[in-house]
Amino acid sequence: MEIDRADGRNPNQLRPLSCSRGVLNRAHGSASWAQGNTQVLAAVYGPKAGTKKNENPEKASVEVIWKPKTGQIGKQEKEYEMVLKRTLQSICILTIHPNTTTSVIVQVVHDDGALLPCAINASCAALVDAGIPLKHLAVAICCCLADSGLVMLDPTKLEEEKMKAFVYLVLPNSILSVLPEESSSVKGEQMEQGLITSVTHGVMSVDDYLHCLERGRAATSKMSDFLRRNLQPQLSSDSSKAG
Amino acid sequence: MAGGASATAPSTYSPSPNQKKKPPLFKDGDLDWVRPDGREFHQCRPAFFRTGAVNAAAGSAYAEFGNTKVIVSVFGPRESKKAMMYSDMGRLNCNVSYTTFATAVRGQVLDQKESSSMLHKALEGAIRLETFPKTTVDVFALVLESGGSDLPVVISCASLALADAGIMLYDLVTAVSVSCLGPNLVIDPISEEESYQDGSLMITCMPSRYEVTQLTITGEWSSARINEAMQLCLDACSKLGKVMRSCLKEAASASEES
Amino acid sequence: MEYVSPEGLRIDGRRPMEMRKLQAEIGVVAKADGSAVFEMGNTKVIAAVYGPREVQNRSQQLNDQALVRCEYSMANFSTGDRMRKPKGDRRSTEISLVIRQTMEACILTQLMPRSQIDIYVQVLQADGGTRSACINAATLALADAGIPMRDFVTSCSAGYLNSTPLLDLNYVEDSAGGPDVTIGILPKLDKVTLLQVPSDRIICQAFFMS
Amino acid sequence: MGTPNAVGDWSSEMEVSAFRRLFPLRYYERHLSESIRPDARPLKRARDTIVSLGAVASSDGSALAKIGSTTMLAAIKMEVMTPSVDSPDEGSVAVEFHMPPICSPVVRPGRPAEVAPVTSKQLFDCLLSSGMIDLKELSLIKGKAAWMAYLDIYCLDADGALFDAALLSAVAAFSHLRIPVVSLNDEGRMVMVSKELEGEKLDKEPVDKERRKLSLKSIPFSLTCILHKNYILADPTFEEESIMETFITVVLNSSGQLVSLYKSGGPVLAHTSAIQECVALTRQRMKELEEIIDEAISTMEID
Amino acid sequence: MNGLSLGEKLFVQGGIAQDLRSDGRKRLTYRPIYVETGVIPQANGSARVRMGGTDVIASVKAEIGRPSPLQPNKGKVSIYVDCSPTAAPVFEGRGAEELSTELSVALQRCLLGGKSGAGAGIDLSSLIVVEGKVCWDLYIDGLVVSSDGNLLDALGAAIKAALSNTGIPRVHVAAEASGEDQPELDISDEEFLQFDTSEVPVIVTLTKVGRHYIVDATLDEESEMSSALSVSINRKGLICGLTKRGGAGLDPSVVLDMISVAKHVSEQLTDRLDSEISAAEAVEEE
């Protein structure tokens, strides 16, 4: 069952993660997130007064602008924009600041596979940095399915191209959720088991998909820990400054 | 990634229908000439209308004249788009667009701006704009297939859609065009005839009021010929008006029953 | 290419320090509050001024001075090659801005708060020095409209070709690639309000002697 | 049956239509608790679906698909291109999804709908990755000429579940597609072999003998469901989509494989049980849709 | 557009009803027409026409092009009109687009004839150099510098004057190239071909105010119109194109009556324009 990955990782191993917040001076919140060579910079501006037309004035709206590394924005980037926007909308508490817009600008620094999950993680960290009220954090991961049915996590660009299918998953990280206790479990299923976003490419069997989902869940808990650890020291230093 | 392939579309062409030159549609002095679809010179194509084609719209209509197929949706009266100044008259906003497969060659550019402004000019005289102050009525047309006389069909269909939306009208607007091919005047021309025409005349009118809301002429015409062509169009318009009226009545009685 | 003959004559027969023939007429647009045609040789521009009038877009209103706006456009037939450019390309936007800033500096805007002055400049023929011609035409049109100004702005371009400083370049000289400069001055106050030097051209100091 | 709550106090005096507009969510939830939807459907039933082939005479393959009042018109035009160096024996497919202003009050001319390019891309991905089309069948002369199938889908009436209707119309259009007969002329371009000339002797052999069909395998079918609390609503209308904001779209192909499972955000989290249920619903729906398409093809062939 | 007070409106309407318009003209009298030719030296032909406060410039540029495969024995002509913001502040930015397209379309309809080219004021077959391969493309550009009503008639007149001022270089075809190659061309700098503009129609716009129609309406008068008919008529008295403006409906008999009035007016206008053009040409040559 062993498949050698070019960088010597085992199938379940993620690339080294790194995250730094507050990297941009002018933005209200910003974060740079890297998974191996894939790196994305996210900036958050807002909440600003007013919403775009046709939006619900009783809710805050989230706007996402995707900046590719080079060139013009195409259909692929439009899709990323929409997935990112819907995902962020579902983790923000939109009723707190009605009739405002929060802009999230995502700049791709380098794409080496699992770009969308990386962008989602970066945006999530940037939203925390900007102090936007969130229901919970979200963690995104890419699972790759080889022809043999083997699931590999966090693929590089080369691996993404070789695989028959891959799945982007976004899962909540609810331990710090502000929601009341009883709503965090539905029919006995833990909240962090629930899926926020799923985007797939390529054909696979349903069982393979569920397998991916399972692996993804396991891996996100590790990533959640990383994200939380990364957010905590700054939070405490912020509060000490404020005090 | 899979999406990459579509990003840079290679240049393509539509295989042309053989290099041999097509004979001209109409030769001078050819007295036994028959129209490509076998109609008589003064015979219109059978007209088919149906209201309520689009549920999402306040009113809509579908029209089919031979190969010409159009859908028109009417939205509103609703809030004017831009922050426009107060007006005690309502506004009419028209837009005509074509599908990419409407013409024989994909995505052939047709002047949609001109059609839109012609549609506007043909309709505005028939709408009681004072009944919806401060608001806008949007009339959007989509030509599904272009088979000649597109604009007249769009205009007639649009007035039916307005009626379906319950917008107050003085009268329905019907439109008919004639093409001048050599010595002959042919009514309701198909695309092939239009591309060879020496001149054309289009009338949009309100049949019950017997008023012309819009008239365009191209090509060289004598007054007598204009007179003849106008009469031809006006007759056809009043017949078209009856067809449209009966379509509206049918729809109304059908909705009463249900 | 030789731009100055050994006899000291330029392509169009002028001396290096000679201007082209100037011609101007005011009151050419009936409906405008002020208007002028200005010709420098073959370069011909029309300027029309509307205002001072009520500010059209309330959000732009200034409470301590007048709002000055400018739009520069070129007729399709103004250049040698027929062109069909959409309005508001980069060059037009830049020139609009230059004219606006230059004229704003000489209009006594603080006398007309909460009002708007529109300057429209239309190039009919372009043969070098359109910027200068536009500014000159705009000055005349503003004067025709009776808008209070500190002074007239007059503008002219100059260039440096074949080791000779040349005044008032035409199109051929302008596109020769030598350094050039556009200057706008307030003659009575003896002040410079505009000085533009395209950055891609090297300039020697001697040049400023002109 | 009004339960006593803040709204219930008024609802007795309010007309149903007013209640529906003012408290849409409560209106729906009351229906859902009775396992029925306002349009009288059970929760997991899709709307009536109609497919008719050959709606556009000027195209090489076309179809009209209606799910409830959501209407899609798809047409394919075949053009010739030079195949890419990487795949000299393959043709290509381009998909464009249009939302003209006639289809919905939300779309205005000059400002294309935001979802249109995204849906175009998703349709393209689904059609190609499902393995329905063998691109080699679109080849004409290896390395020199191949077909480019331009698929344009127009939404004529938008009432929810746009992706499902668009995919259905696209699939139907491909099943109606007949590849034109062409031959190579002296200048190296392909020209149509017209019907009148068929009897005569041709200077060049046509590439195909007759108008060819594509052999379609593993056809993709999709179903969009709304997740709301513990309810699953199949095939939502526009009204349902605007009130309950969590959708999950499952695409399966006729060999039973998962082509896409798409969920982007939304306030409700999808648990494994819900995902499995959606997949099962799509399986059922696929059977219905296969029958509808087969029927459309057979009626066309009788005509 | 033009904000008139109630009194002013009545004054305009009353004057028209009594056949004495606010500037002293009768209903069917034109304002004085001034024609100036050769105003744009860079163009092949150009003219400026002024009628009262209306001031327009038309230029003709000729470029070598390829004839369309549908009509291999004809050159191509395109007409495009632009409205300068100098004429009115509303033309700023994209504000003139609507009017520009409307005028361009109306002029194309009036001057270019039917699809087959029949009835065109400009003889397109005179623009052909080598059949199927080389032809002249004429670009006619109109520019509205100042506007006081009746733009279409003024532009039509300016284009007619510009065309009669146009010289197209004589082209010598070096050698008859065979097959697909483009033949080599030698374009003369000295020899020019003059256009025959006697067939170019004039445009007469009749504006209906109340029950009467007037020619050459000013901006104030246009604001009171219910509808207007622009008819292009050539010297033979044939109608070469017609455009209706304004939404209000007209009785078909009124339309026919307006056409016959326009025809009558056009005879005088054609003569007057021709003499103005030849006078202007004479001035230019001096």
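A, B, C, D and E label the chains in the order they appear, each numbered from 1.
In the analysis below, contacts are C-beta pairs under 8 Å (C-beta built on N, C-alpha and C of every residue); 3 or more make two chains touch, one makes a residue touch a chain.
All figures in this text were calculated on a predicted structure; none of them were measured in a lab.
Of all chains present, the one whose mean CA position sits nearest the global mean of protein CA atoms is B. Across the two candidate interfaces, B-D and C-E, the one carrying more C-beta contacts is B-D.
Between chain A and chain B the centroid-to-centroid distance comes to 50 Å (mean Cα coordinates, whole Å).
The geometric centre of chain C is 31 Å away from that of chain E, both derived from CA atoms. If you average the Cα atoms of chain A and of chain D, the two centres end up 29 Å apart.
In terms of their C-alpha centroids, the spacing between chain B and chain C amounts to 49 Å. For chain A, the set of residues that touch two or more other chains comprises 75-76, 79, 201-202.
Residue positions of chain E with contacts to 2 or more other chains are absent. Residue positions of chain C with contacts to 2 or more other chains are absent.
Residues 70, 98, 101-102, 105, 109, 112-116, 118-119, 227, 229, 234, 238-252, 255-256, 259-260, 263 of chain E touch chain B in their complex. Chain E contributes residues 39-43, 46, 52-53, 55, 57, 59, 61, 63, 80, 82, 84-89, 92-94, 139, 141, 143, 145-148, 219 to its touches with chain C in the complex. Partner chain D is touched in their complex by these residues of chain B: 2-3, 5-6, 9-19, 53-58, 60, 67, 71-73, 75, 78, 81, 95, 97, 99-104, 106, 138, 140-142, 144-145. Taken together, the chain B residues at the contact with chain E in this complex read 111, 113-114, 117, 121, 123-126, 180, 194-200, 205-206, 209-223, 226-227, 230, 234.
Within the complex formed with chain B, the residues of chain D that make contact are 56-59, 62, 69, 71, 73, 75, 77, 79-82, 84, 92, 94-96, 98, 100-105, 108-109, 121, 124-125, 128-129, 148, 150, 152, 154, 156-159, 180, 182, 185, 189-194, 197, 238.
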